[in-house]
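Chains here go by letter, A, B, C and D, matching the order in which they are written, and residues are numbered from 1 within each.
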Amino acid sequence: MATAAIIGTAGYVGQETLDRLLAHPGLETVALGSDSLAGRPAGALDPRLNGSLPPFVGKAEAAASGADVLFLCLDHAEALAFDPPADAVVVDLSGAHRLADAAQAEAWYGAAPGARSYGLPELFPAEGRLIANPGCYATAALLALGPLAGAIDGAVIDAKSGMTGAGKSLKATSHAGFVLENFSPYAVGGHRHAPEIAQQLGFPVCFVPHLLPVRRGLLATCYVTTDADVRSLLEAAYAASPLVRVLASGVTPELARVQGTDTAEIGVFEDGATGTAIVICALDNLGKGAAGQAVQNANLALGLDETSGLRLAGVAV
Amino acid sequence: MATAAIIGTAGYVGQETLDRLLAHPGLETVALGSDSLAGRPAGALDPRLNGSLPPFVGKAEAAASGADVLFLCLDHAEALAFDPPADAVVVDLSGAHRLADAAQAEAWYGAAPGARSYGLPELFPAEGRLIANPGCYATAALLALGPLAGAIDGAVIDAKSGMTGAGKSLKATSHAGFVLENFSPYAVGGHRHAPEIAQQLGFPVCFVPHLLPVRRGLLATCYVTTDADVRSLLEAAYAASPLVRVLASGVTPELARVQGTDTAEIGVFEDGATGTAIVICALDNLGKGAAGQAVQNANLALGLDETSGLRLAGVAV
Amino acid sequence: MATAAIIGTAGYVGQETLDRLLAHPGLETVALGSDSLAGRPAGALDPRLNGSLPPFVGKAEAAASGADVLFLCLDHAEALAFDPPADAVVVDLSGAHRLADAAQAEAWYGAAPGARSYGLPELFPAEGRLIANPGCYATAALLALGPLAGAIDGAVIDAKSGMTGAGKSLKATSHAGFVLENFSPYAVGGHRHAPEIAQQLGFPVCFVPHLLPVRRGLLATCYVTTDADVRSLLEAAYAASPLVRVLASGVTPELARVQGTDTAEIGVFEDGATGTAIVICALDNLGKGAAGQAVQNANLALGLDETSGLRLAGVAV
Amino acid sequence: MATAAIIGTAGYVGQETLDRLLAHPGLETVALGSDSLAGRPAGALDPRLNGSLPPFVGKAEAAASGADVLFLCLDHAEALAFDPPADAVVVDLSGAHRLADAAQAEAWYGAAPGARSYGLPELFPAEGRLIANPGCYATAALLALGPLAGAIDGAVIDAKSGMTGAGKSLKATSHAGFVLENFSPYAVGGHRHAPEIAQQLGFPVCFVPHLLPVRRGLLATCYVTTDADVRSLLEAAYAASPLVRVLASGVTPELARVQGTDTAEIGVFEDGATGTAIVICALDNLGKGAAGQAVQNANLALGLDETSGLRLAGVAV
C-alpha cells in the first residue's frame, strides 16, 4: 500500500485531507505533520480520532517521512520555502506555485514562477510528480468556463463561498459576529484567483468573491456572451466524469447537494432579456475545491483509482 | 394627524409597514385589514402589539375606512382587482402596476398596464396619489445603476436576497430545510424584476437572483462597462439623500449595516483585470426594498417629512 | 445479498435511510416506495440519484416487494394502518408502536399498544422481526440516562434539535422565516417523547424540546441528582460500542462532530454549586436519532455487521 | 441636557450603548473613549456614524470628560482598575463589581468585593451613583426566578445565548467555523454568572450556558419545584413594567420578538408528567442583557424617564 503524509494537519484543509485518507483503501497515513501539535496523539486534534493513527510530528519530520505522497497544507509563504524530497509525489494545496508567469507570481504571491504542474484533472491534468492544486474559486470558475474557452473572450464571475474558505486563523472577518446573518463581497477588483482563472482560460476575467454565512460550499455564477452551444460543450466535457454533474435543463445548482462531497454540479441557462449565457457551478470549497481534488490528483499521480477516498454524492438531506 | 390603513397586515410586508407606522409621529393607523384575522385584537398577530391599536377588520372594510393613505400589502392578483377609493393616497407594494408596457404587464403579471406612478423617490419620484412601490431587487439595482443610465447600455446584475423576500406563504423553497446552510440561484434567465429594471433604465439587463440563508437583507453586485466617472455620478445623485450612503473608496457594502433599517449603501469599484465598473448596493429587502420605501412614498405624497417613521441607521452590532 | 425496501422515501427520514442503503455492502435496495413519486425514476427525488436504482413505486407495492427488510418512513397514523407482511423484518421509524402502555399509546398516538419491540441497540436491543425504532429525543436522553436508571428517580432533560427533526411538511414553524436566527421551546410541558423516555427508564421525566436554527443535530442536556459514579456507569455501558463515545473529562459535546454521522457523543460533568450531575448527549437527529439507528436495528435483525452502511465519524470540519 | 461618555466604545457592548445614546432625547454623548481608535473620527468605527459625533479620545480622557454619566464597557480587569470620578454616575457593564461576597469576588474575578450597587431595575434597583450592571444570563434567570425566590430553594437554569455574548475579541470559540451550524454547552459546572444569580436569589443554582449559532438573543429555560402560583407571582411582579412581558398561557418565548429590543418576555408552564414549573425568559443579550439595561439604570440614576433611548418592541419580522 502506498503511504501518505500531511504537512500542516491542524487547519481546515489539512483536516479534510486527513478525512479522505481515513477512508482511502489504497493510501496509508504514515505521518501527521503539525508544529503546534507535535508529540501529541491524533485525538488531540479531534476526539473522533483514535489510536490507530500515529501521533503528530513536526512538519519537517513529516516531510522527511519517506511517504510516497506529501500533501502540503500550508500557507503560500511556507509552501514557497518548502524543498520537495526526491521521488515523492507532492500536492501543494496553497497558491504558491499556481501562477506560471513570473510577473504575476511575484505580484500575487511574492514568488518566482513555480516548477509545479497545475492539476485540475477534468480539464488540465497535472504532469509529473510536483502538483499545484487549484484554488477553490478557480476550480469552480474553470469547471464552468473551461470547456467554453475557445468560444468566449471574457467573463463576469460572481462567486460566493462559505466561511471555511478563509481558513481557521482568527481574523475580524472570520469572527462569527461578522459572518452570521451577514453577506458581503471582498477583495473586489483584485483577488488572486482572478489571474489563476485567466491563466488557464487564456484571457482576463472580471471576478468578484463574496462571503456566505455558511460553513462550506461555493457557488460561482458565470456570465458570458457567445454563439456556441454552451450546454453541448459542457455535457461533452464531463460525459465521463465521475465527479462533475451537468444538471438537466431548468435544474439549478445548490450548495446542499455538494456540501461534504468531492463532486461539483453545473447548471446552464440563457438569459431571456439579453441572450447572455449563464453557467453556474457549485462545489464544496473544502472538497472538490481543495482536499478532494488534492487526493484526486494524488490518486492519478500514483496510478490509483481516481476517486479512491473521495466522497461521491449520496442523497443526504 | 393624517390617517393610514393597511390592506393585508398579516404578511411580512404588512407587518413591516405596521412597524413603521407605530413609530410614525404624523400618521395614525386607523384600520388593520386582514381577512384571516378580522375580528381579532391586534395582539393576535403578535404578542408585542397591545391594546392601543384597533382590532383587525376585513380587507374590504379597511379599504373603505376613509384613511388618507392605504398601504396595499397584497399579492399582485389581489392588487389588480383592487379598486382604489377616490381621494386616498394608495401605495401598492405588489408588482401589479409597476410595468407600463402592455405586453410586459400581460406577460409578467397577467395585467393591463397600470395607471399608477412608479415611485422610487431618489430617482423616479411618483406623481399623483396612486403609487406603484418598486420591487426590492429593482430598488437595489436602480439605486446602483440609475445615475449611470446615460453612460451605459447594459448590465449584469447578480443579486442575493434574504428569505423574507419570498414572503410568508408556505412553499418548498421557503422551508427551513431548503434555506438553512444552503445557497442557490432561482428564476435564472427570467425574473419579473428584470423588465422593471429595464423599464426604468431604458435598456435590457441580465439579472440573476439568489436566495441567501439569512432572514433579511439584499445585495446586488452590478457589472457595467463605461468610460464615465462612476463614483462621481453616484455621489452627485445621492449627495442630499438621507437614506442612501455612497461608501468611501475601498469600503464594501454589507448586509449587517442595513438590516432592520430603511437605508441603502453603495460601494463603487473598478476591476483591475478588465476595467469593468462594479457597483454594489445593499439594503433591507423589507425596508428600503419594501415597507420603508412605501412609507417614504406616502410621506412625500402627503406632504410629510420624507423620513417620518423610517428607521435611519444607528450603529447596532 | 439481503434486500430492502423503503416505504415512504420522499421525506427526510426516507432520504437518509436510502443514503445509508446506497453505502451498504450487504443490503440491496429493491423497492423505493412513494405515492407522490410512483412511476418516476429515482433521480426525480434528487439529481444525485442515477439509473442504478429502480424507479419509484407506490407504497403498497413497495410493501409487497418481498424485500427482506422494510423501512417504514411514514407518519404514525399511516404506520398504525400498516399491516406487516409475514417473514419480513420491519423497522418502523414512526412513533406508532413505541409505547407499550395502552393508555399512553392511546393518549399520544391514538393507538392501541404495539406488538413491536423497542430497539435501541446499545441499551434495549429489539427482539424479533417487528421493531419500533426510537424517537430522536428519546435516543439522546436514553443514551445519557439509561445506564444511570438504577441510580436515579427523575431527571430534567433540556433538549435542542435542528429543524429537520420536524420533517419536510410545510408548516409555519418550519418556514425559514420562523427558524432562521431564531430559537424557541415548543410543546413545553407535554411532548410525546417524554412518555417514551419514561417507559424505558421506569420513572417520569421533565422534558422540554427547543428548535435550533440548524439543519441537523440534537443535543440533550440532562440534569440528575445521584450519589452514583456517573462517569463510570456511562463508560462501562459504552466501552464496546462503535457508535457511542463518552468524552474525556472536561470535553463538551458539540453538534459539529456528530452531524452527518450515525454516532453519538456524551459529556459528563458535575455542577460546582449544587452537585447536580450533568450528562449531555449529542447526535444527529437523522442519523443515530433516526435512519442510522434504523439500519443498525435492521443489521442486527438480519445478522449483518452492526455498522454496515452506517457513517462512522471521520474528522471533517 | 445631561451628558454621557462611553469608556470602551469599540466592542459590542460599547457600540450598542452608543446606539441607545444616539436615540436618547435627554443624554448628549460628549466623549467616545477608545484607546484603539483615539484621534479618529466616529465614522472610523462604522460608516453609519457621521460628523455630528465627537472624534474618539483615549479611555482615560473620556473618563475625565466631566460627563454626568460614564458607561464602562471594559473587561472586568480594566473595570477593576478604574477609579470613578467624583459626582458622575458610573454604570459598569463588566462583572467586576457584581459579587458582594469577598470570597466569591476573589474566586471569580480576582477582585475585592465592589462598592457598587447591583442594578436590575425591575427587581433590585440600584442605590447611589455607582452601579454594577447585571450579566446577560443573570438578567434572564433573575427575571424568571426573582419573583419566585421566596417560594423555591433551588433551580436548574439551562441557558442559550447568541454569539455576541462572547464579545468581539478573536478566539477559537467565536470563529465562525466553530459557531455556524453548531451548538454546544460551555463552562459546564462552573460559570461566573451562577454565583451572581445565587447572590440575588439567596440559594445556589445549577446553571449551564450554551452557545447558539445566532448573532443575538438569549433564552433561559428554568426548572423549579414549588407549590406557589408561579404565573400569579410573575404577573404581579411585572404588571407595571414597560420592558418585561409575561406571555399569555400557552405562548412560548422566542428570540425573534426580543432581538434588537430592550425588552424581555417570559413564558410560564407546568410539566404534565412531573409537575415541575418551567419558566422561560427571552431577551437580547446586548439589549436588556447589557446596553439597554445600562441606559435604563442611568436614566433612573439621573432622574430621566426610565425608557428614554431604549428600544421598545415594535412588530418587525
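Just a few scattered comments:
By definition in this document, a residue touches a chain if its C-beta (ideal position, glycine included) is under 8 Å from a C-beta of that chain, and two chains touch if they have at least 3 such contacts.
In this text the structure is predicted, and so the values were computed from the model without any measurement.
Contact tally for B-C versus B-D: the pair with more C-beta pairs in contact is B-D.
Each chain gets a centre from the mean of its Cα atoms; the one farthest from the centre of chain B is C.
The geometric centre of chain C is 38 Å away from that of chain D, both derived from CA atoms. Centre-to-centre, using mean CA coordinates, chain B is 44 Å away from chain C. Mean C-alpha position of chain B lies 35 Å from that of chain D.
Within chain B, the positions touching two or more other chains are listed as 12, 164, 177-178, 180-181, 213-215, 317.
Within the complex formed with chain B, the residues of chain A that make contact are 154, 156, 158, 160, 177-178, 181-186, 188-190, 194-195, 198, 204-208, 210, 212-215, 217, 219, 221, 223, 252-256, 259, 267, 269-274, 276, 278, 280, 282, 317.
Against chain D, in their complex, chain A makes its touches with residues 12, 163-164, 168, 170-172, 174-181, 213-215. The touching residues of chain C, when paired with chain A in their complex, are 12, 15-16, 18-19, 22-23, 45-49, 164, 180-181, 215-216, 245, 247-248, 251, 257, 260, 265, 286, 313-317.
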